[in-house]
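These notes open a run of structures that come right after.
The following pair of complexes shares a single chain, chain A, combined with chain B in the former and chain C in the latter.
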Partner chain A sequence: MKRRRTFNSSLLTTILSAVGAIIIGLFIGYLLLLITKPDRAWWGLQRILTIGFSDPNKFAKVLYQAMPLICTGLSVAFAFKTGLFNIGATGQYTVGTFFGLFAGIQWQLPWYLALIAAMIGGAIWGAIPGICKALFNVNEVITSIMFNWIAVFAVNMAFLNFPMLVVDFWGKSSIGDRTPVLADANASAVLPKLGLDELMNSSLVNIGIFLAIIVAVIIWVLLQKTTFGYEIKACGYNRDASQYAGINAKRNIIYSFMISGALAGLGGGLYYLSGTGQYTFLKVLLPAGFNGIPVALLANSHPIGVIVSALFISYIQVGGDALQPRFVRENIDIIIGVIIYVSAFALVLKLWFEKLFVKRSMSAVSLRDDDAELPPPDEPKGKDGDNV
Partner chain B sequence: MSEYIIEMVGIRKVFPGVIANDNITLQLKKGEIHALLGENGAGKSTLMGVLFGMYQPEAGEIRKDGKPVRIHNPNDANNLGIGMVHQHFKLVEVFSVMDNIMLGAEDTHLGILQKNKVRDKVLRLSEKYKLKVDLDAVIEDISVGMQQRVEILKMLYRDNDILIFDEPTAVLTPQEIEELMQTMRNFANEGKSILFITHKLNEIMAVADRCTVLRKGKYIGTVDIKDASADSLAEMMVGRKVNFKVDKKPCNPKDTILRVNNLSLTTAASGKHKLHNVSFNVRAGEIVGIAGIEGNGQSELVYVLTGMLKPTSGTITFGEHDITKYSIRERNDMGIAHIPEDRHRYGLVLDYNLAENLILKSYYTSQFNQHGFLRFLEMETHAQKLIEGFDIRAGEGGDTPARSMSGGNQQKAIIAREVSLSPKLLIAVQPTRGLDVGAIEYIQKQLIAARDAGRAVLLVSLELEEIMNVSDRILVMYEGKIVAEVEGEHAVRQELGLYMAGATPNDMSQEVV
Partner chain C sequence: MIIGDILSATLIFAVPLMLVALGGMFSERSGVVNIALEGIMIVGALAASLFLRYVDDLGIGKDHAQLYMLAAVGIAGIVGILYSQLLAFASIKLKSNQVISGTALNMLAPALAVVVTWNIQGTAQTTILIPNWVRIAPESLGIATDNIFTTFLFKSLFLTTPIAFVILILSIVFLYYTKTGLRLRACGEHPQAADSVGVNVYRMRYLGVGISGFLAGIGGLAYTLAAGSGFTSTVAGYGFLALAVMIFGNWKPVNILLASFFFAFFRIISFYSNSISFLPKFDTLVSGEYIYLIMPYLVTMIVLVLTSKRSRAPKAEGIPYDKGRR
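And then the complex of A and B:
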């Protein structure tokens, strides 16, 4: 009984705060729509909110875009749980993409091996800031930001050095600015669709979304149920105490970053092995990695919550795209950006909700450790009352 | 004209979830030393924060000379002549003594500092009250005792005549405490009024005229010290009779468990000796106490013994094994348990619940770990067993978040965890810091029980009372060295105090001759 009660109240505040953040975000987005095109604003908001469910084809797109978001969201959330801020998910995602496509096209491996290669690529890229942090105490935010850019340029260079990985090799184009259509290069590397494409009338949908969800569940089990999860969470919550208890914090930092990187790499693998997108050699950081941050924040770093929040953000993106051409592309990006940005306030709202609940119950238990009082030994603490 | 220089009437201050002050009245007469007594969390510091303008009370009134005043911030307090020596000094570490004294009350002429005028005034005050300080020394280089004198001079320089001392003796040697008491008496004779916050009864008995007692945020009463005894004050403070002396049987030491040989630790940055050729033994079935003033190498010694720091030279032998190069985990597994100094930083993962914290040092053993998965049922049984065995009060049992538990119960949880490992050596650092009398009694009994069960116990504490109460043998540390060893039953407070201030047994014998 007790266990369920505490579980519920913390889950409730988490969900309330996420929903609150979304509502505020949508409201500000609506104001922006009002400023740009007042007569179309209400139509725009409705469209953002309804288009994803309007037909199976759109919903397939929601699932398709949610797939990499779940992975990068898990990547960031996992790092958060272990006390690290992985802002390098973008770089790991990019390197994962390269490894996945390299395995699939250059080596002509099937999709599952290509996915594993993508994870390995992400893990290697994640290990670097992890090692710098663990051994030299270099701030992981700085190294992972730098490695985002290194990843972009290194990956572009690498692609261009393997003719098979450029679209021209397969003879359908001569622009040379992107990777080939995967089905042309190696049909066995394309993620299976299991007939979902016909069901939803969309070429975007495949088993990737299920893989992402399964991985989220695995991560949840890893964090909640295993000894390894206990160890890395202890390091995240209180590094000094875990060191005092004999836990090898340095090793755990490296492992955490590798797992975090592998998750981001998997995201890149899933997205590009779907066979619908071609990686273009641009000098920009891919947003899918950064969007993992609000996904994780909105989910309060809970792996199962990440699935929901990734689906939500993907849903909003699909809705935003449907505003074209009435609203220009940039306008839509700003609105989505605002919603995502405000969603990050979920944490602030959570504190606010928690305070509200504390005031309600107004328990005598002190929040500040300094003022903590021991009950006199001869009278039971108030809370024990309902045990009897 | 009122009889009282300061009156606080019906003060009420609420923090989220706790009533820190509930209808408290405090009346300070001119020229008296008035003690404010209470356990940790009784609301003493909050009340003084209200008087000093750091908190605004929800109800109640402050009067100076019978006239109501409002104190919004420490500057208002200062203008009313109220000065305060905080428990943790508020000094700029890299400034000189003089700069610190005039900081915030600079004497300027056309925007230019009048340093000579300031210097003259400070020197005059320093001589008058025998508060010896080096005006040009930098704060970080001078002793804690001198830092406190700087804080006192700061109040005098501002012509304050209501002086608040918040736990002033916690960081001093017995000799320095004696000097401070004398200074306080001088102030009172001068007509200054003193509020003296403490939980040490003997100091109140020695110096105070009257005493106001708080308990759990409530006003219990005000007594004249000449009509009171330490026992009666303790009873008012705790709400029941207290047994000060811990009962213990004579010790019966067996094999040597821990051998420390010429242990030294030098900091890389400054080349300063944190530990200097430290050697001692601890045997099974005895409690060895390490006394000393804060910052004389005790913390470093413990870190080196438990593996959290690597020594520069020297060896540590545990049983038959040289463990100098062993990791923390290896030392734990061999049977070294450690109750750390800072329970929030090292002792607990506050975001974990009680059951999770109770396995912090054994989660990887087959008792709690099966094929890489935690055994939650085992964890719950284990938590239940320790909660009952060590009387840990936790509202939701093993599921109670460690953060929500009181300090005393957090400490009990740590002790339960460490003792339940059945260690051969138990290292306890400041195990009763910040706890109330009841919890202190309990924890000291646990240490003695561990000793009687044949464990070697190394107790490091800044509280001389505690060391003398519990230890069978006492080592005194000063500037990284062990300067003296005394049998527990022969220990004399004054003598230990001199060692703590750097005297050696040789000096002592010469003085006696």
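And then the complex of A and C:
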């Protein structure tokens, strides 16, 4: 009884602190709009908050952009559970993209096999910082950042060395600066749409969003209901203690990073196998991987929460696109930045909230508990809490 | 004269790396992991670029070029300090996860820079051009760049270069030969012990992060000058590279100097790979030049793995100090 109560209040405070962070972020975003164009600020805020639901077509875009975000968010969240910071999701995403498109176009495989290839690619790239951390004790943040850049350059070069993977091979374009339209190269590699496109009047929507949600549920089960998940979390809480208890922490770090990488790779696979985006050979890191970080933080690394927070981030990004050209879309990035900044210490605020709640419920619970004969630990404080 | 060109380009790219890595060193030596260096660089460079642009628009810049340049360096540093205090406040006062707060500041900075640039320069004007009078022309010093040595030092010289070396010397003196420097280092190794002898750990950490903000802000300006095409709301990952340089330099000023030159050299080689005749061209591959782009990152990683045994990070870095848990 007691346990359930604290669990509920902890979930509640987690949600409350996330919502608090979002409100502060939106408020600062609004202030910024007010400073830059006072007469248009209210219009801008309304646009950010309503455009995603205004039209099925827009909502399809929200789902479409949420799909890779769920995957990269899960990737970052999963690593967090092992006490690791995977800032390399963007590199794993990029390598996953290459593997997925390579399987789909070069080998002409159907979409489900191409997705598996994307996951393998991400897992390989994720294994590198894992191995460097576990065996050589090199900080995973540095390794991930280095391998993000290596991924971009290596993937661009790899694409350019397989003529089939470049758009000009298929004759639709003379400049080979991106990958081909997937439907031209291999129609069976495009994710099925199941009539959703007609329903929502948008070519962007496909089964990918459902796949991403299913994967999130699988990750939740893996973390919550399996021994492996338990070991992973134990490593995250206290590496030395878990090692003392007989858990192979080094192995778990590598596995955790591989799974994390596979999830990010899946994100790249889903996005580019949708058939609507073409990978462009630029020398920049893709933002989809970095945006997994706010998604994971906002969800407090909870796999189911990741679904919700990815939808939210995607929603306000679609809103941000609708701000142009009156406002720059980067206003949304500022809102997201403020949200993470606040949610970083929202964890501390959460503890503070939790104390408040636990104190309140404590006095109520202890009256009905079996061990009621024991004096309530801090009764006077509990009473104060009730009065507040 | 290609060797002279390469050396001079190495120098100009090593300067921001060294400045920012030194900044990271101060922060980490006081116990705070500063992953926000990238963001601080951007904000510092933004402020300084806007200042230089403004002075140029007024038409007064040319007359006292280096005086205004010095002011720009000061502005970059001060804005860097201000921005870094956001990290300090969250991670010291509110005991947040330092890496997460730093990441937030890194996401915030480029977005902020784009918004500010658009609003000041007008829609879609994303580049702040740096006036060309900021460069110290070798002719004005009466020096001809006719041998390798003078080319290396004077071919592309900005005020930030001599300032960076003065800062390097001051850093060494401060860190190893002053009382405050010793206290700062103690806070990164064993804050509880430092506290028990009366050192204010929180104040030392604010100081450490503040110095890192100052140096990263100047480093941002130095990068923008080195990149040459004006400020475009990015420093292309140099803040993160500086973190690698700092680790590679084992959190020690002189090693950081050497590490930044090592890294800058490999980067410059990738720029010049086509014009250096003795380098392999990888002609069997399409776009073989990518191999040279990968090289500096790969070399850094290999070095980090090989030296990881000797690597000695400050023991208490990344852990918020809680007085109650002494």
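What we mean here is this: the second predicted complex is superposed on the first by the 329 of 388 C-alpha atoms of A that agree within 3 Å, B and C clash if a C-alpha of one lies under 4 Å from a C-alpha of the other, contacts with A are read in each partner's own complex, and residues count from 1 in each chain.
Note that contacts are C-beta pairs under 8 Å (C-beta built on N, C-alpha and C of every residue); 3 or more make two chains touch, one makes a residue touch a chain.
Since this is a predicted model, take the numbers as computed values, not measurements.
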Review point. Does chain B (first) or chain C (second) touch A:Lys355, or do both, or does neither?
Key: first
Point to revise | Partner chain in contact with A:Ser242 - chain B first, chain C second, else both or neither | key: first
Check your understanding: Once the shared chain is lined up, is A:Lys225 touching chain B (first), chain C (second), both, or neither of them?
Key -> first
Review point. So, does A:Asp39 touch the first partner chain B, the second partner chain C, both, or neither?
Key: neither
Review point. Who does A:Gly337 touch here: chain B (first), chain C (second), both, or neither?
Key: second
Study note, to complete from the structure: In their shared complex, chain C is touched by residues of chain A numbered 32, 36, 85, 87, 132, 136-139, 141-143, 145-147, 149-150, 153-154, 156-157, 160-161, 283, 285, 290, 293-294, 297, 325, 328, 330-334, 336-338, 340-341, 343-345, 347-348
Exercise for review: Mind listing the chain A positions that touch chain B in their complex?
Suggested key: 2-3, 6, 225-228, 230-231, 233-234, 237-238, 240-248, 355, 358-359, 362-378, 381, 383-384
Review point. What residues of chain B sit close enough to touch chain A in their complex?
Key: 15-18, 20, 40-41, 46, 216, 239-240, 306-308, 327-332, 338, 340, 344-352, 356, 360-361, 363-364, 368-369, 372-374, 393, 395-397, 399, 403-409, 435-436, 438-439
Review point. For the complex, which residues does chain C have touching chain A?
Key: 35, 86, 90, 94-97, 99-101, 103-105, 107-108, 110-112, 114-115, 118-119, 123, 237, 240, 243-244, 247, 285-288, 290-291, 293-294, 297-298, 300-301, 304-305, 308, 311, 313
